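Data first, discussion second: the structure below is written as structure tokens.
Note that the chains take the letters A, B, C, D, E and F in the order they are written out, and that residue 1 is the start of every chain.
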Amino acid sequence: MIPFLIGIPAVLAVVFQIVRNEKIRGYIVYAGAGAIMAMTVVFIADWIGGGAKTWMFYPRTETIDHLMTAGDIFLMCLIVWLSVRYKRVLPMILSILQTVLVLYVEFTAEVTEGPHMMVDWLTILMCIIIAFIGGFICIYTVGYMKGYHQHHKDVKDRQPFFFSMLFLFLAAMFGLVLSQNLIWIYFFWEITSVISFLMIGYTRAEEAVGNSFCALWMNLLGGLGFAIAIVLMALGQESLQLTEVVSTGALLPLMCLSLAGLTKSAQLPFSTWLLGAMVAPTPSSALLHSATMVKAGVYLLIRISPALSGNLVGLIVSSIGGLTFIMASMMAIAQNDAKKVLAFSTISNLGLIVACSGIGVEETVWAAIFLMMFHAVSKSMLFQSVGATENTLGSRDIEDMHGLIIRVPRLAYIMGIGIAGMYLAPFGMLISKWVALKAFVDSGNVVLVLCIAYGSATTMFYWTKWLSKLLCRHIPRDTVKDVTRKDEYLSMLFHACVMLLMCLLLPLVARWLVNPIVRQLFGNSKDVLSMSVLATMAIMLVSIFVVPVAMFFISRRSHTELVPIYMNGINEGDNRFFTNSYGEKEHLYLSNWYLRFEFGRRHLRIPSIIIAAAVLVIGICLVIGGVSW
Amino acid sequence: MEEKNDIREINARQFFPAIVKMRTEKWRLVQICATSVEGGCEMSYSFCRGYDMRTYRFVAYGDEEVASITQIYPCAFLQENEAKELFGVNITHIKPDYKDKLYRIEEETPFKEKE
Amino acid sequence: MVKVIFVLAYLIFAPFVGALLDGVDRIISARMQRRKGPKLLQPFYDLGKLFSKERIGVNNVQLFLNMSYLVILMIAGSMLFAGADLLMVLFILSTADMFLIMAASSDSSPYSNMGSSREMLQMMAYEPLTLLVAVGFYLTTGSFLVSDIIREDISAVLWMPGLLAGFMFTTAIKFRKSPFDLSTSHHAHQEMVKGLTTEMSGTTLAIMNIAEYYEMVLLLGIFFLFFVNSTWWSWIVALLLCAVIFFLETLWDNVSARVKWKTLLYSCWVVTLVAGGVNILILMLDK
Amino acid sequence: MAKRSIVPFGPQHPVLPEPIHLDLVLEDETVVGAVPSIGYVHRGLETLVKKKDFKQYVYIAERICGICSCGHGLGYCMAVENVMGIDVPERAQYLRVIWVEMSRIHSHLLWLGLLADALGFESLFMESWRVREKILDMFDETTGGRIIHSVNQVGGVQKDMDSSMLKHLLETIKDIERDIKPLVDTFLKDYTVQSRLKGTGILKKDDAILLGAVGPMLRASGVEYDVRMLGYGAYKNLSMEPVTCTDGDSYGRCVVRIKELFQSFDLIREAIGKIPEGDIHVPVKGNPSGEYFLRIEQPRGEAIYYVKGNGTKFLDRFRLRTPTTSNIPPLVETLKGCQLADVPVLILTIDPCISCTER
Amino acid sequence: MGKVSKSPWLLHYDASSCNGCDIEVLDCLTPKYDIERFGIINTGDPFQADILLITGGVNSQTERVVKQLYSQMPEPKVVVAVGICACTGGVFKECYNIRGGIDTVIPVDVYVPGCAARPEAIIDGVVKALAVLDEKQAVMKTPEEKER
Amino acid sequence: MDKIRAFTLAGRMLKNLFRRPATTQYPFEPADYPERMRGHVRIEIGDCISCGLCMRSCPSGAIVVDRKAGTWTIDRFDCVQCGSCVTACPKKCLFMEKGYTEPDGVKKSETFVKPQEEPAGKTKKTG
């Protein structure tokens, strides 16, 4: 089974290089995505049928190991070549360094053999996310890229390449979450870094190239951390099993892996790369933010989180997470580019997840997993709808989405659900926050409690203003034609439905999916939230859901006399103009608040990076010092 | 305290240099008054320094162009716009120019002598 | 059973209590200003009037959004009075507020939009402290559940005086009282005209007012939690203290100017950090 | 780049004293541009000199504005008297000063109330206006009207104040002085008030002169200029110094007005102490011929009355340059960069009076 | 007393008055006259107002504003013209930019004379307006009931 | 500069709470006005000689004197109580008195007829 999961997308990636016809390619994408999803379903069914036990696979895999070694070297060469071409030194050094380290381990170190792959509940969850969200993003991409290239004539059409990368990404992600051996994980890890680098540089514009290298070196730094962790594990513990890392709990390897996780999940001080990644076409952002890339980082952290509980590494990770949560959400306030807002919100949400896994107790991990799920769905949905809106309106400025509910109602609804999913009760994000807060309090970390208190306030601010801009019933000057294609809608609708379903079925999800994960990770069977609490909560939440709908129909029955809006008595006909001081018609314009002087990136970025970097450096020094003692 | 309150007649050509001079001597512009007279409009520009007041006056006949002093005294814009709108004095380059819509009255130049 | 009674009592009587308090507030304010002031039942007359007016509006959705605001607030309040989870109550409260904001910005009217921007800012200002209050209760009583909190032997206020002070500070925002009545104000002369409620008239405004009464009672309920404990007399004491707090808010309203948004945001955040954060820290160290 | 909001502010706006309109360009709530527009109360009453004779016109002049009603009557009458060379009896001059200073008290108290109101400080507004009520009652008693006084006439005043009235006036002033002490404290020292006033709308001394600011606005920027120092009317016999302040911000303007309030109390006391017996008006014969620019200090600053007569009973031209006309350009200047919440406060600190500005 | 007359909310607009009447209108709110005794709130918002208090004669610019405000008030509503200017144009009626009383633009229900109108007169006027308000509400209700 | 204080007005507010409100009872109790109040114009019609000086002196044109009919009409809703007519009247038959014109739903004017034909009559006309 597993080879198929990784193999199908990988093979498809090759196929796209061959197939040049757009139509056919589209069908292959549909089929491929369908196949991946189907495979995943079958796989899961099989696994559950098999008792839902943790499976360990492939203890001996000589050939594949060698292939991977070759792959590592190939990746290194690729990076070196590209670095030379674009004259960047840092990525080259990092890449060579880590590959050498890994190769060194592979050829010299004596390690106890163990399974190379593992399937447990967490893996299953990740597979679902990758297969379904990733799959639908691929479907969405087919329609999107057509629109994209109609808009951006200056960008060279390299769609085959793009689709290859998408599917390769999925393959790598499958590999990553299914692997258990550190070298294997490392291999897939590197692939994701490189692919994201390639995707960010899709347009080959100056900015894109710059940003892609930024992403590359940051991720390679994480990769270096990973490589060091491998060396340490190999030399210190003589094992390359991820489970071993957790069970031995040696601080230094944990620190190194955490570093890798932090870079990948774009935590401060490494958040720059994810912001830079916005130059890529939207589907790649969607993919990076929801189903893949950053999720790899949090996946790793969640995996090792039981070992982080109550030690120094955990403290560092959770502090950085908390800091990221609040700083990124503050910086999001000052953004008016929709994708930037989404990027900051991703960073900030991941911050919360990271903080949760840094604390590393059952409740926090429970919350982290929930957050991850909701985040994956709603982010993917938001990115897609922003992308579609951009194609339709020709802009992705939030200000330009004024009155989207009138202009392109369908997109507005989808975007609205996505936004609501990010922060409103009854959606799951909020419940997860609830649990996280409780867990932070229990863990006695007052700073994190404050972080979450302030951070959720700032989060609320930027989402609300976006939402209200969107839902403003403002009759626009010019109508626009919705150019969103069917496959794009299909994908977005799917996400919306999943979102709603997850809210409605929250207790069930908690019971059947999340609780088992936590149980397996921590090896005990304590339920984080009792079923009754969840059930009452769900009832409350559903009733909140129902209220607006009911109210809508009630208010429908009453008649309201429509009058013009209040403009100090100087309206000019409709609701868009007023008489200005020169006695002429003036276009009323309402902009959101951005608090640029207070929360601008310029003011907050440098200090927050410095603080985060300081925490990290001091932390690492302490850990190293602690080891040498 | 003895107040000085003199009115000096000048002609349109001396007008602008006189204003510039007042500015360099740090006089405060206190008022601009238009009065309709035979065939035109008498413009009085008053300035104060300390408690002294000095008024420059000239007559703009017919449609004669009068340069705006808003370049020198930005605060003159209200009164110049007013003179333009109510008296029909052809003041040019007022900044900001309300284009006869300061008061938005229906009657045109109600203060102008009408034949 | 008791829960049901409480919830029903809340649903039925909260608007009455709220309106009465509003009436009292208006009279006290008037007397402080050496005016005679309106009649005690004036808020009821106002509501009656509003419901009887012609229904005008700028669009068809404002009414429905306002009603949602009201009902969700009622749900939040019912949960509080049913002894449910305090944190959840607060979250739902902010969801309710979201509907208010959407109602206000449902048309591109300058003043209600600016009002709703300010409302968002106010939420951002008070939100941290309200969360900390819930955390404080959790730390002192070991539970977020209101039904547990009221069964403690010692009133929570002894453990969390800082939070109480902070909550009183930020509640001025919720009560829409000077110095924090930025987004909409009960005073006539405000640079926002009526802010959030500019376009609300008749029924819509009445709903808004009723919702405010529900909210007022809800907030006083939270104050109540600070003082109450398992003894019966603590209930009476708590009620009295709630009245005192209400009076203090009125007094504060009358002795301060409306501040600017920066002052509002920063002062609330600093108060949260100092009063709330320190209090929580001490609680955490202690427990 | 965030977009900027463009919103109308006024004419119908509860916080504005009168219908004035501003196009505001906002970034968040920071004002980055403001264009004023007037004309919502423009009546065109200067043309009425052609329809009402110069004696009748006093009644129109009084109605240029209801707040400085007394001052406008006075300014107009003095301008005509100057053209005609009439010597006004001493007692009338003292009475004029007393009434004018009373209306300054009335106006400044009104302003303090409105300022408090713009600050959202309702109780302070109520208190200020409650105190102001006393001076209105005094007006009612001495002139027969609370707002429009109809006491000036060309050649003197119409009504006299007998000694009991003067005594009552002294008592009232004492009363007011006592009553406003805590209010003054609040205006000058309260934290919330200061957070609104201090440092907002700063007008530098040079700007104030260049932009032609007058009255308290000018004096708050540190320029010593008070037309009363010219000694018109009975002022020549009274001792006074212009009140100034160097801050140049809203707070400074508040300080200046509050100090002027106390200055007015003193002036009235001194005037009542010195008032001579005698006629209150002289008969006026003939018609005005000639012109005159007359300056007087209104509560809001220097106002200029221009009268041009042609020997008939109808004047050729009457013009009024009011303090607000001069203060609008500095206002626009101070508005830039302030917060939306400051807009009403800044508008108020010039103590705008659109009614006389637009006439 | 009807429902409306127990809680009449005011909207005040200065349609080119001399301020005299305006400050007297405002004065009605202050401690000495305190019209909140009658449940009156001075709202600045036409959407929430029942009584439109207008001072001053109408000029060409304010005409539109007055009409606009009037149209944004929900029924039942009354208009009170405060001051001689608002009644007839007063001393300014011969000015080129004055239309005359408020009734030249919108229907006026109560005229309050006086220059400036005294607070007592304004209170009287408002009390008169309340009666009109109740009448209007009664009229508003009946046709609806007939329809059913 | 002075110290900054908070709650500056609190003392006054609390004291006020226990003071009597400054509010008058009007309209439930009549207001009393000062002697000089310029409320409305009264005419002693019997003394009037229909000279029309008052009409010409009135700035708002509220008075109409019809010499032939012997009537003196004042538009109460046009009179600004300036007192100009009172000063102008040579016979001193006009007086400024306390009490203002009642607000009304219609603008009223009052006509007084000289008592040659009939005894001092007061007829109300609406206009």
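The criterion applied here is as follows: contacts are C-beta pairs under 8 Å (C-beta built on N, C-alpha and C of every residue); 3 or more make two chains touch, one makes a residue touch a chain.
Which protein is which chain? UniProt says C = NADH-quinone oxidoreductase subunit H; D = Nickel-dependent hydrogenase large subunit.
Bear in mind that the values here come from a model prediction, so they are computed numbers and not experimental data.
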Path length in the contact graph (chain A to chain E, fewest steps): 1
Based on which chains touch which, give the shortest step count from chain D to chain E. 1
Let me spell it out: compute each chain's centre from its C-alpha atoms, then which one is farthest from chain B's centre? A
Chain A to chain F, mean C-alpha position gap in Å, rounds to 78
Inter-centroid spacing, chain D versus chain C (mean Cα positions, whole Å): 43
Rounded to the nearest Å, the gap between Cα centres of chain C and chain F is 50
Averaging C-alpha coordinates per chain, one finds the centres of chain A and chain D separated by a number of Å equal to 64
Where in chain B do residues touch two or more other chains at once? 96, 98, 103-105, 110
At least two other chains touched by the same residue of chain D: list those residues. 5, 7-8, 11-15, 28-29, 35, 37, 39, 42, 44, 47, 59-60, 63, 123-124, 126-127, 130, 133, 145, 148, 190, 192, 358
Please list all residues of chain F that touch 2 or more other chains. 6-9, 13, 21-23, 59, 80-82
With chains as vertices joined when they touch, what's the shape: line, ring, star, complete or other? other
Those chain pairs that satisfy the touch definition: A-B, A-C, A-D, A-E, B-D, B-E, C-D, C-E, C-F, D-E, D-F, E-F
Residues on chain E engaged by chain C in the complex (per definition of touch): 3-4, 6-8, 29-31, 34, 36-39, 41-45, 47-48, 50, 72, 74-76, 137, 140
Sort out for me which residues of chain E touch chain D in the complex. 13-24, 26-27, 30-32, 42-46, 56-57, 59, 61-62, 65, 69, 90-92, 94-98, 115-116, 118
Chain B residues touching chain A in their complex are 96, 98-99, 101, 104
Inside the complex, what are the residues of chain E that reach chain F? 31-34, 37, 80, 84, 87-88, 90-91, 93-94, 101, 109-115, 117-118, 120-121, 123-125, 127-128, 132
In the complex with chain C, residue positions of chain D that touch it: 5, 7-8, 13-15, 28-29, 116-124, 126-127, 130, 190, 192-193, 195-196, 339-344
